[in-house]
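The structure under discussion is supplied below as structure tokens; questions concerning it will follow.
Chain nomenclature is as follows: A, B, C and D, assigned in order of appearance, with residue numbering initiated at 1 for each chain independently.
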Amino acid sequence: MIIVLKPNQKQEVIDQFVQKLTSRYDVKVNTWVGTQSTVLGLIGDTVSIDSEYIEAQDFVESVKRVQEPYKKANRKFHPEDTVITLPGGQRIGGGGLALIAGPCSVESEEQICFVAEKVKESGASFLRGGAFKPRTSPYSFQGMQGEGLRLLSEAKRRTGLPIVTEIMSIDHLPLFEDVDVVQVGARNMQNFELLKELGKIRKPILLKRGLANTIEELLMSAEYIMAGGNEQVILCERGIRTYETITRNTLDISAVPVLKRLTHLPVVVDPSHASGLNWLIEPLALAAAAVSADGLIIEVHNDPSHALCDGAQSITPAQFDVLAGKVRAVSSLVQTL
Amino acid sequence: MIIVLKPNQKQEVIDQFVQKLTSRYDVKVNTWVGTQSTVLGLIGDTVSIDSEYIEAQDFVESVKRVQEPYKKANRKFHPEDTVITLPGGQRIGGGGLALIAGPCSVESEEQICFVAEKVKESGASFLRGGAFKPRTSPYSFQGMQGEGLRLLSEAKRRTGLPIVTEIMSIDHLPLFEDVDVVQVGARNMQNFELLKELGKIRKPILLKRGLANTIEELLMSAEYIMAGGNEQVILCERGIRTYETITRNTLDISAVPVLKRLTHLPVVVDPSHASGLNWLIEPLALAAAAVSADGLIIEVHNDPSHALCDGAQSITPAQFDVLAGKVRAVSSLVQTL
Amino acid sequence: MIIVLKPNQKQEVIDQFVQKLTSRYDVKVNTWVGTQSTVLGLIGDTVSIDSEYIEAQDFVESVKRVQEPYKKANRKFHPEDTVITLPGGQRIGGGGLALIAGPCSVESEEQICFVAEKVKESGASFLRGGAFKPRTSPYSFQGMQGEGLRLLSEAKRRTGLPIVTEIMSIDHLPLFEDVDVVQVGARNMQNFELLKELGKIRKPILLKRGLANTIEELLMSAEYIMAGGNEQVILCERGIRTYETITRNTLDISAVPVLKRLTHLPVVVDPSHASGLNWLIEPLALAAAAVSADGLIIEVHNDPSHALCDGAQSITPAQFDVLAGKVRAVSSLVQTL
Amino acid sequence: MIIVLKPNQKQEVIDQFVQKLTSRYDVKVNTWVGTQSTVLGLIGDTVSIDSEYIEAQDFVESVKRVQEPYKKANRKFHPEDTVITLPGGQRIGGGGLALIAGPCSVESEEQICFVAEKVKESGASFLRGGAFKPRTSPYSFQGMQGEGLRLLSEAKRRTGLPIVTEIMSIDHLPLFEDVDVVQVGARNMQNFELLKELGKIRKPILLKRGLANTIEELLMSAEYIMAGGNEQVILCERGIRTYETITRNTLDISAVPVLKRLTHLPVVVDPSHASGLNWLIEPLALAAAAVSADGLIIEVHNDPSHALCDGAQSITPAQFDVLAGKVRAVSSLVQTL
């Protein structure tokens, strides 16, 4: 950590500050005197130093971290890829492209079982489906909730596909016993109390990037879960909010290679929410395969124009089948290049 | 609601769709045939129509709402300003500039009581102070939690100032009995399960705008609380995330007059979080007074450079005293213009 | 075009307005009376109607275009792909992936000729190289200017590669006689006087998307050039400005399929400027190939760490050779899927 | 300037680099060895060092400037406010609130003279009016151009108000002889060739911030003009592009106090373009006065609903008269606080 002081500080102020830093933290401090400012360099374990505390000192001009502020998620301290393996053998991470597919919302037993069977035939290895739905409007359909989870279990029983579904409140956790991968939605990425609780369970967590969150903040939220003891975190890029309005969000495709460089955790892409437009899903899925994402999470609905939510960004099982073939081809090619 | 259809649709498809709309919703539909597209105009109660459902129809090009999607928060249906009045007579809304001040975090009984007395002397009518702290890093100070709430109560007992403090999980609600105004932080603005629960209580809610949320989304989150039966919502503009990096966030000063036009709810401004820089707080507070905000929420710390969080954006009681005088002067002037 | 009027307008105001619209423009107007507002639908040639003029009427609530505001760039009126073909047979558009490569800046005859020969060997069909350089700081290297153009010509003479280089002022046009494709940089995307002049010449224009410009604005800038008579426009996605700071810009990969749907013009991607990081160029180039971009424009420098500008985002000829092989493989595969 | 090297660099690589830095630039280099990385601190005149050059070195992790990259615009080297004084005695800067008002576009002699007289009566000391108009669409009204400048001169002759008008191409400069303040529009803020030419003239330049430009980039563009010898630059905040769609742009009110801290140049605010909505102009103008902006530039049109452009963001002379009284009151009050 490098601390630039404001010009013309008294030596005793600097000395006192250095004294405080070395007594409070396990660091050594180097002082370097420039023409305009004095700069302090901190060596040691600086992750636990709160840079806001440093910036609050009235003689400090600015602070720059050299070490990343996350440890458990950091590839530097854990060079090998984390691979999430389910009891049924399904894997995310470590090469290959896992397909997670299913409807935005669970709507009925017929619907979820039909879609589950279809996406399984096309090569999906996980079933997604919303039981608790975060909706901007209180007047929109909020999901089938507990009954939706029950229907997901039924679809799992029939197809063997593990379930990925979103949790919106820690109070719902008892209902998630049969859920295989617990999803944290974009709007809850910094719901820190939820993250802390999910750190205590022993199921993989699929953590979606928030609409306006940086890559570093996504990693810090993963760190919350991991610091609690649950190291099975899957990161998900699902588009960020920008000024562009044609697409619902802007897929930050760079986030995939950036994340894979910074962390050992697997990274999946959600082209459905990223675009909000069903005809954009296939090209974005191909792009994700081309940058070696570890998986795709895609909304598939038997009848998108009658979906109870997000129909405009859902594709049919037949379209998913075509897409699955194409992304597998690109993924296989890219892994041989 | 106006629905533009894709070009060259068969008449029977259009007829079926119109039939479905009029049977499902309480609306009448006008059809208008253009050179390139057919347009449907829906008259009636369109708030409950899910525009995503409409957009998902494969023959629909785009949808435009004419009515706003919120009702209870809408000034059209409730022209008079909502005024939040506390049992002790403190008010937010309906003219005047309420001052809410106090430290980022409660740190000790001496600290919170000292600051409370100081800000009261300078004219603050509410005490803010964080007991549960949302922090990006799991390794940062997370607040004094239950003990923090107890110390806030002590400061309230001594000064008579009602307490404004943030809730991070509905499970903490039993601890908030003595809290007067419950704050929802920016990162929880779309934590819909929390909003629903806060709709059931009978205390004012101070709802902060999320970092990347639109003004309409803020109003929809207020609508969640109000739909539950709690109509005492105070909106808070606290800066949005943009590409600019000098300031922590970009204060959207326009949001104040825009909100006051769209809704009857009071609007307060948080210049501390908006800027992240203590020397910017005063000019931003003056700007908020100039646009007739209903209040200011400001971080005041007895010793900013030793604050356990957000010190860089805190001002001292002495600086707050100067600021309070200035914003009152501007507020008074503006109300006479 | 759909015009929503404010509630409660007098019939004569509406009648006068309709009268004005039909007399001034070649349109017919349908009137539709809702519960809250009256809506006007305009049929005919609405491209020439200035929506700002409509919005300025004090009885107008909002305006929505149904037709796109661009004609010559619009795929609806020109369904086949535009293919840019150079005298030497090099092509951009209509399938295939054109590679445009070369250094950020021309620095010397040896440098530009060496890089030109290398990228040609690796399969590039165009040479890029900056002679006039837009730099944020007046104290940074501004390019070799006229001499740089002369050296580009020399490299072209030796390799046969057509030249792509940026113009920063219409006054420099006489120097661009031997330039094959004239580039408009992101910062000049809305330099309308420059666009108008480039509409008068008969060379292909490579038009880069501005840092904060929408896809529609990019198409409107293309329309400026095309309206002047020059229909050879190549669009370039090069990253947009967002709140994320790890990458210099955020590559909007969705822009490629969106543009290819809206326009017949070819679309190329610049992964060098999009990321600002040399290790990100290859994955982003693969993503561009996967979404069927018509070309890539990539910075290649013989010695990136001594480049006079943008070295951090340049790759070596050897790295380019590897990249070229990979993107060709992905492009070929995708075209067969 | 602080340079963080990648871990595990050979000593000789570091030595060579330090040698190169000290021989090429007028700096001394301090080396400091941390646990993970080596850090170099550069003392001396680092403004002329191109940080991209440094970042391009393959052993460099990151670079942080301690000194700002601008000199002539920097308040550190020029503590007193720059005051722009016109021959007629009109001033911008150094206290007080200059009012610059007039129509978006010059449309006729009657129009511009009428508006000029009206805004003068209300206290404006400068007349604005567009002769050359930057328009997104080539099919929109492009301004009266040379004839527009002639009519501005006529209005100046009648009222004595100096003229502020936009230049879109350096080729038009000969027509600007009677123009008093030359405006550079937001879309040309980084048209560096234009800035260089404006550095050679001896008229004040009103430089608008680009839609997606940082405060530092605005200062670097001012530096371009000043480096050419023209130190009379007025900066203008006119709203930035964000994800919010209710307002046309988001006024960055913080930019005013931030700029006034970083630079000695005067700062004016354009609430008309910032909001795009006429009812928002007054509150935003009051906010600008409250943060001690040096001036306001406001669109005033005799008949906004018939304006040939930007009518929706224009106010009438009567509304301007009310606004002028209010902003003067706030400005006077703030200067006494």
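The rule we apply is simple: a residue touches a chain if its C-beta (ideal position, glycine included) is under 8 Å from a C-beta of that chain, and two chains touch if they have at least 3 such contacts.
Here the structure is a predicted model, which is why all the values come from computation and not from measurement.
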| item | value |
| --- | --- |
| B-C compared against B-D, more contacting pairs | B-D |
| Listed pair (A-B, C-D or B-D) duplicating the A-C contact set, over half by residue number | B-D |
| Approximate Å spacing (C-alpha centroids) for the pair chain A, chain B | 26 |
| Chain B and chain C, separation of their C-alpha mean positions in angstrom | 39 |
| Distance between chain centroids, defined by C-alpha means - chain B, chain D (Å) | 32 |
| Sites on chain B at which at least two other chains make contact | 212, 241-243, 245 |
| Contact footprint of chain D on chain C as seen in their complex | 47-48, 50, 52-53, 55-58, 69-70, 132, 134-141, 168-171, 187-188, 190-194, 196, 210-212, 217, 220, 223-224, 227-228, 241, 304-312, 314 |
| Residue numbers on chain D that touch chain B, as the complex places them | 212, 214-216, 240, 242-247, 250-258, 261, 274-275, 279-280, 283-284, 286-292, 325-326, 329-330, 333-334, 337 |
| For the chain B and chain C complex, residues of the former touching the latter | 2, 4, 30, 32, 34-37, 39, 41, 43-44, 61-62, 64, 66-67, 241-243, 245 |
